[in-house]
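These are the structures in question, set out in turn.
There are two complexes below, and they share chain A, which is joined by chain B in the first and by chain C in the second.
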Partner chain A sequence: MKTLADLKKIREKALEDLKLRSGNTRVQIVVGMGTSGIKMGAREVMKTFLEEIAERNLTDVLVTQTAEKRLSSEEPVVEVIEEGKDTVTYGNMTPDKAKKTIVEHIVNGKVVSDYVVQPGD
Partner chain B sequence: MSLKRIDLLICCGSGCVSAGALKIKERFDEVLAENNIEKEVNIIETGCMGPCDYGPVMVIYPEGIFYQKVTPEDVEEIVNEHFLKGRAVTRLMLQDKDKTIRMQKDVPFYHKQVKVALENCGYIDPDSLDEYIATGGYEALGKVLLEMSPQETIDIIKESGLRGRGGGGFPSHIKLQMVHDNKDEKVKYIICNGDEGDPGAFMDRSLLEGDPHRILEGMMIAAYCMGASEGFFYIRAEYPLAITRIKQAIEQAKELGLMGENVFGTDFCFDAEVRTGAGAFVCGEEMALISSIEGERGNPTPKPPYPAVQGLWGKPTVVNNVETLGNIPSIINRGAEWFAAMGTEKSKGTKVFALTGDIRNTGLVEVPMGITLRELIYDVGGGIIDDKPFKAVQLGGPSGGCLTVEHLDTPVDYENLKAHGAMMGSGGIIVMNEEKCMVNVAKFFIDFCVEESCGKCSPCRIGLKQMLEILERITSGQGKEGDIDELLRLGESISKLSLCGLGQTAPNPVLSTIRYFRDEYETHIKEQKCNTKVCLDLMHYEIDKDKCIGCSICASKCPTNCISGSREDKYTIHQIDCIKCGNCFDVCPTKAIEKIPGIHPEALKR
Partner chain C sequence: MQDISLHLLDVIQNSVSASAKCVKVRVLQNVVENRLRTIVEDDGTGMDSHTLQKAQDSLYSTKKEQVKNVGLGIPLFKQNAEQAGGAFRMASELGHGTVLTADFPLDNLDRLPLGNLKDTLLNSIIGHPQLDFNIHLLYRDNAKELCFNFDTKEVREELGEIPLNYPDVIEYIDQTLYEGIQKTNMEDV
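The block that comes next holds the complex of A and B.
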């Protein structure tokens, strides 16, 4: 520990530990985890998101869940919420679709229009 | 690779632990493993979150949902519903009137609080140096070492108006300045006083347990100001977790090079160690504390010389309270002006209090100086249990005094409390409802101080014992005309003549209760009556024949067989044999047994 910059480096790495608590995230991925969602494989979808995020070390992406019922015919449903942008809703998700969403939408910022079931408001 | 998506913060402050927090944690480990999601949930045992009365409490992020009074049986539901399906468990949320409170930030208990020293307590993992650094930890230390001179640092503390949080309220910068100015002496010491002994107080404990690195950082900044390279944490043995956490923090800081030789590449070298107190209350007094660290009996010595001149092993020493040190990193990071903007003219910043007694929200709180007692008791504390009338509040533990209804709008700061015969003390607040006997309260505190007096000086050793004997006479119905004046005379002399703070302040509870509740003393002495029915010798039990159904339960539970009667004649207590154990009162199904102030005429005749 020689300079404040050294400390800052440790801080930046350590902030990862507090990510969930700080509320400072760029993107939030909300997975619908109602009973029907789970039945249709929402847990696998969520797990894929978590794995992909960890693998790519995306420190500013948060995965949360909701049990709110909507679009139950299109389960599993996933919402991508970004500050200053419209919320995007994807339906009929699978682990493979989740991987593609991470690459195209979360990393490259391009909405995967094929999966969109209802534009957010 | 981290799959973490939930931070589960379980409060492991002393209140929640005794309510079963650790069992809940174990249960979470089991249930999470059963469901195969142990990698997705990060369980953190935090320091005290504050609202002990709701305990065991927990907060779940990213939402920030607050659960209270959780039991191990609730764990399965939390995992299944909340963690797996995202449906927060409403029945475990706090109910405030008709509202369900979901988030921790919406809990009314926190609304008037401002957290400075407690900023991270209950929010970070106290075992993790990384989490402390993530909140900006050790940046203040880096800043002073690399960018500021010791004098500039002292000036900031001076401008902030920080005063000692241990009780006296001595301006913190003066001690630092005195030792800083002593250029002849090369060896200097800093001591953190963690010998918190007031009944009902747990502020220092919570800080040491909940955010140990903050206290360590504060100590190092103070050491830099005064030119010390060695520090001691004096913590009482009754706080084993606090001791473990501080020792661990020291190790962690050394490992990362935040402590030891040439910190941040500067000339500043620092080492600290923990010394354990053996449980003597007097060792919270700085001279006694110093003797104890030296390996001597914990006796105070006359001042001057003050520790800043001649302290530990004869070297210049600064003794600071835990909370005082805990404020320093924030002052450096956010500036003196920010700190001085909080509080009153002469008392700046915030104060941590331990709220206890007949109050709804017992717990650990931090409020700006100058908050009124009413806000503290009713808004933060949630008022008196069962909405009983408020009678008095004891501030400052055995060294402090009581305040009454008429002081509810008094701003809480050093000067105002002192003016009314109480004191800030270290921050213990005991709230009392109208059922408390003030003579008995005074007796309790004097009894405590008699026990804890080190015996070195006679005013404290003999005088307090005299006061206790008078109070024992008064509460047992043997009070005499002139007792009150004698208590006042003794109290004032003991305050003036005692060697250290213990004796000087010990009469305060008696003096202040006489000041505000003299009539209660007089009723005890002249009418031999305790109107609150607390003093057993000055009350009696009687059976209301109209309510008695003659069931005989009271008679069967009476250990002295002093209740007799029949279904027809109803039951009667024979006062001479009654030992007032209260069994009959507790078991009567129709509440026919009453507590009545005063000695029963039958017992009086004897």
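The block that comes next holds the complex of A and C.
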């Protein structure tokens, strides 16, 4: 059974982690969670990102969600935002595509061009 | 939407869009009264009575008349509750927030399943680390009452400067919600 006491241990470990790096977010993943995104499976896509991040201990990656309308024809839509780089928009995402995006883009820094959609379409 | 928890995710997102700081989510499974009740309450901007009416009834209206930032999610939720013999209520006050209640008869064959409540809650919490969430799950039958409470404020107090979306914290919240859902028989509802 998880208790609040477990959080104390997590906190100690996290503080050590944060000492080793600057503590900044390197990359932000924003999942479109509007009504149409949810209908098309955005919840599972976001859950996959969260699982991968927890599993790989990617402490400098932030996953958030937004209800802002973007490309309703390409839902679920995900944006990858990195400082100093152009924002990349991925469309028609699935849990499998989310896994591949983590490996190729987030970990290895290579945009998965097959999944890229143009914002404003 | 395929299940009730997807509707909840959508409604919670509305609360976020309405600048809520704290969102309360209640899921009450009352076997004695044959009722599954879901409540989402926020302290966001709220709506006046005219907007509140339109937010619920815009299913067949034109795009232009739809309430900004709300869209079709609420009318669909209402329709799904009412078609399964349930009820749907929304109350709101400008400047104070909104409460949305959807009731479903547990034994109705047309009722949507509750679905993956854990992922709805986890996504909402981690996806909006700046917001506070208060979760309350309750199961009641003739013999017993089982309850689970989760409040991100308590988690924050323990964590100090460590954010809610830190990987180990995500796992902690995921596991805690899983245990709570098991404990209150909210799986396979």
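The criterion applied here is as follows: the second predicted complex is superposed on the first by the 96 of 121 C-alpha atoms of A that agree within 3 Å, B and C clash if a C-alpha of one lies under 4 Å from a C-alpha of the other, contacts with A are read in each partner's own complex, and residues count from 1 in each chain.
Keep this in mind: contacts are C-beta pairs under 8 Å (C-beta built on N, C-alpha and C of every residue); 3 or more make two chains touch, one makes a residue touch a chain.
It should be emphasised that the depicted structure is a prediction, and the values quoted were computed from it without experimental measurement.
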Open item on the list: With both complexes overlaid on chain A, does A:106 touch chain B (first), chain C (second), both or neither?
Closed with: neither
Task: Which of chain B and chain C A:1 touches, first, second, both or neither - done: both
- [ ] Kindly classify A:58 by the partners it touches after superposition: chain B alone (first), chain C alone (second), both, or neither?
- [x] second
Open item on the list: Under the stated touch criterion, which partner chain does A:39 make contact with: chain B (first), chain C (second), both, or neither?
Closed with: second
Open item on the list: Let me test your reading of the model: by the given contact rule, A:11 touches which partner, first (chain B), second (chain C), both or neither?
Closed with: both
Open item on the list: On the A-aligned overlay, A:20 touches which partner chain: chain B = first, chain C = second, or both, or neither?
Closed with: first
Open item on the list: Based on the A-chain superposition described above, do chain B and chain C contact any of the same residues on chain A, and if so which?
Closed with: 1-2, 4, 7, 10-11, 13-15, 18, 31, 33-35, 38, 43, 46-47, 50, 54, 62-65, 67
Task: chain A-touching residues of chain C, taken from the complex the two chains share - done: 1, 6, 9-10, 13-14, 16-17, 69, 71-73, 76, 116, 119-120, 122-124, 126-129, 154-155, 158-162, 165-172, 174-176, 179
Task: chain A partner contacts - residues on chain B that touch it in the complex - done: 1-7, 9, 40, 42, 61-64, 84-87, 123-125, 128, 130-131, 133-136, 138-139, 142-143, 146, 256-258, 263-265
Task: Sites on chain A touched by chain C in the complex - done: 1-2, 4, 6-8, 10-11, 13-15, 18, 31, 33-35, 38-39, 43-44, 46-47, 50, 53-54, 56-59, 62-65, 67
Open item on the list: Please output the residues of chain A touching chain B within their complex, sorted ascending.
Closed with: 1-4, 7, 10-11, 13-18, 20-21, 23, 31, 33-35, 38, 43, 46-47, 50-51, 54-55, 62-67
